[in-house]
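I've put the structures underneath this note.
Note that chain A is present in both complexes that follow, paired respectively with chain B and with chain C.
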Partner chain A sequence: MTNKEKLQNLIQDVFLLTPEEFRFDLKRIEIETWDSFGVVSLSVGVQQTFGYHFKPEEATAIQGVDDIIKLLTSKGITFE
Partner chain B sequence: MLILCEKDLHSQPSRLAEAWAGADTFVLLPDKLSVTDEWLAQNLSLIPHSLHRDHFIMLTSGTTGQPKLIVGNRERSKKLVRVLHDLQDSEPVQETIAMLPLSYTYSFVNQWLWSQVLKRRFVTTQGLSNPKSLKETLEKARDAMICLVGVQVPLLMNLLDGNVFQGVIRLHFAGGRFPQEKLEELRGMFPNAQVFNNYGCAEAMPRLTIRRAEDAGEAANIGRPLPGIEMRSDDQHAILFRSPYGAVGVVEDAQFMPITPDDWTASGDLGEMDDHGSWCLLGRASEVFKRHGEKVSLSSLATTVSGAWSGQCAFYREADRTGEDGCVLALAPEATSESVKPVLMALRKHHPRAHWPLRIETVATLPLLSNGKTDIRSLSSLPNKTALWQQHI
Partner chain C sequence: MIELPPTKLLAEAVEYFRGAQVITWCTKHVADRLRALVPWEVQTEMPSLDGADWLLAVGGGTLIDKAKVLRAQHSHVKLAALPTLWGSGAEASPIAVLNQDGKKVIRMGPELLPDLIVSQSEFAKTLPDQQIKQACGDAWSHALEGFLSPLGTDETRTDLAAVMKRMLQQTIGYTDAWFELSALACAGQAKSSVGLVHGIAHTLEGVLGWGHARLCALYLLPVMSFNQTRSPKWPFLAEHGLDETNLLKVLRQLFDLTEYAEALPALKSNWMKVLRDPCSRTNSALVRPADIEFFEAFLA
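And then the complex of A and B:
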């Protein structure tokens, strides 16, 4: 499974999205289940899946799926 | 004290009628005993001598798994049977078909005792453990009443799907969540049956309220109290009752506790009365908890899940790794990642994240207690459960 697929599965699992609802340019504002506990759950999920633990300011700054990719890419995790 | 075991009654059903007709108090035990002989002897010895005549004793474990002895009064129970007969419009009923163990107070009073008092036929079956024989019995039924618990409905639909049983004219439910969303299917299978939601508990011996299925649209609506029964809820929404038909005492935690006419007894459920005098269940007292400050009702979650999953479901409690209270949802029969998706979507639609289960697991069958309810203790410790989804916490 590629990192892109892993991330898609994680986002769908954490926010209970269908594959049809998922997009890589999806924004936080479009996902009603991206609440404060969703942020925590996403953070734990990213750590469990990619081994990187968001710093609090990073978790707060993420406003969409593309931000997660950018952040993880900057930590050496590739999404090609 | 005369002790009757349900398994002995299969070969000698007249023994129960003889015990009922006799003066001595007797004990009716289930096939699968959850207590040792020593426990039974010690706890029976706590029952006062004044109750050694004209009473009967049932062993119940309820959903908590804590065994207790419930002492019923025969005259009170006979009065309840007559009240139920009128309220349930049972005069046309000529026979009752047992699909639950007799050691379950619901089946014992609503069916066996009713058949004794009203001089109607009592038909024994092996229930859903022998679907072929059950099907034959239901096909032969004439003006029959059956009593079920909600958890039996998916099994019934699975095993006897496509069959129509014209001879069943009364269909009663108790002992768990009322299968409101399955009414159409039930009416297809039992087209001539009036369907009732009964509510009560062992201490009520066993009925408190009743409603016809069509009188409300929500499973949680249990209807109004039977005549003579008083109900109220305390500031925590715990349902309390006083009943002229109820048990007269309970042996629990190694002590006998009498139930006097002035005592308010907890049914074990949370609920509230609506403006029309009907009661609505909010969940078992043990099934409502707080998670992240949100009140979580397993009953409400079960309603949501039932709308998206046609099989059986049950919840058990578990703390997450931070120590916060949570629950795990178990689905049966075997679900798949694909078939669990509608459940997840229903949870998202109807509940905030704090209500979502920590995990969704699947098992081939839910373990059951002898009374047909899910054995939550066994379920939580069951090996070979497959997790289909889990929260990242």
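And then the complex of A and C:
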């Protein structure tokens, strides 16, 4: 499974989205379950899936799926 | 450092309250015994706090949590909490879990923290062994989920590890020490969060009609087995000197396979509700829709 596929599965599972609801340009404000609990759950899921632990300020600054990709790419995780 | 409200034995509290207007609200099963111990009127329905200096709440977590919210509406009234059994730790936390229209609502704030804990451990001595065992499970669920919480810090983990080391020295049965340990576990987890054990308990309480402590005791072993292989925080247990073999041995004492099998259909049909519960979403390991398969397989 590619990192892109892993990230899609993770986002769907964390925010309880169907594959049809998922997009790589999804924004936080579009997802009802991306609340403060969702931020915690996302951080745990990213650590389990990609081995990177978001700093609290990073986790709260993320405003969409593209921000997650940018942040993880900057840590050496590729999404090609 | 976990701080608890000051604690007094009931006999000491009676002296301490002398001259004050005390309104006592208690659960029915201890009302007669309580009336023999205190010189003021005891009520079993939600009281009016008009003219009161103190509200003394005597009961389990549900009654104490309701009393916290009642007192919060009367800022001049002080709250004393006397737990009739350990487990909920409601007497020691600034959190109230309320049942509103079949849904669990969690409130948090300093105005909810009792001013005084009152102790009268004899009330628990006559309770059935099964209820005592479940109360131990409730206390363990606070300590373990608070320790493993993704919102925990090194300080909360150090504090809760110290509490768990003392809990490991207790039998799963009546000992006076459980009251203090349960209060410390609850006050400690209030600084981090609980997790999937509580998410399941909050969801299934209304479905099965089983008590919170019963469900916490039942699901501790399956959920910790789930966390053991997934949670990035699990290795902290060993780092804080807690032997996971000993921990899991205790959780096995709290587990009941027959009850687990009985509850499994309800867990399966309510799994998506469990995932939406705020407590599940602060679990130590991510809980996914497909993870119900783990809990089905656990039965085997």
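The definition used in the following text is that the second predicted complex is superposed on the first by the 80 of 80 C-alpha atoms of A that agree within 3 Å, B and C clash if a C-alpha of one lies under 4 Å from a C-alpha of the other, contacts with A are read in each partner's own complex, and residues count from 1 in each chain.
Rule of thumb we're sticking to: a contact is a pair of C-beta atoms (placed from the backbone, for glycine too) under 8 Å apart; a residue touches a chain by one contact, two chains touch by 3 or more.
Keep in mind that this is a model prediction, so the values were computed, not measured.
Of the two partner chains placed by superposition, only chain B is touched by A:Thr18; chain C is not. Shared-chain residue A:Ser41: touches chain B and chain C both.
Touch criterion met: A:His53 reaches chain C, while chain B stays clear of it. Once the two complexes are laid over each other on the shared chain, residue contacts for A:Thr33 go to chain B and to chain C alike.
10, 13-14, 16, 33, 37-38, 40-41, 44-45, 48 are the residues of chain A that lie in the contact sets of both chain B and chain C, per the superposition on chain A.
Contact residues on chain A toward chain C in their complex (touch as defined above): 10, 13-14, 16, 33, 37-38, 40-41, 43-45, 47-48, 53. If you check the complex, the residues on chain A that touch chain B are 10, 13-14, 16, 18, 33, 35, 37-38, 40-42, 44-45, 48.
Taken together, the chain B residues at the contact with chain A in this complex read 292, 341, 344-345, 347-348, 352-354, 356, 389-393.
Contacts from chain C toward chain A in the complex involve residues 150-151, 193, 230, 232, 272, 275-276, 278, 281-286, 288-290.
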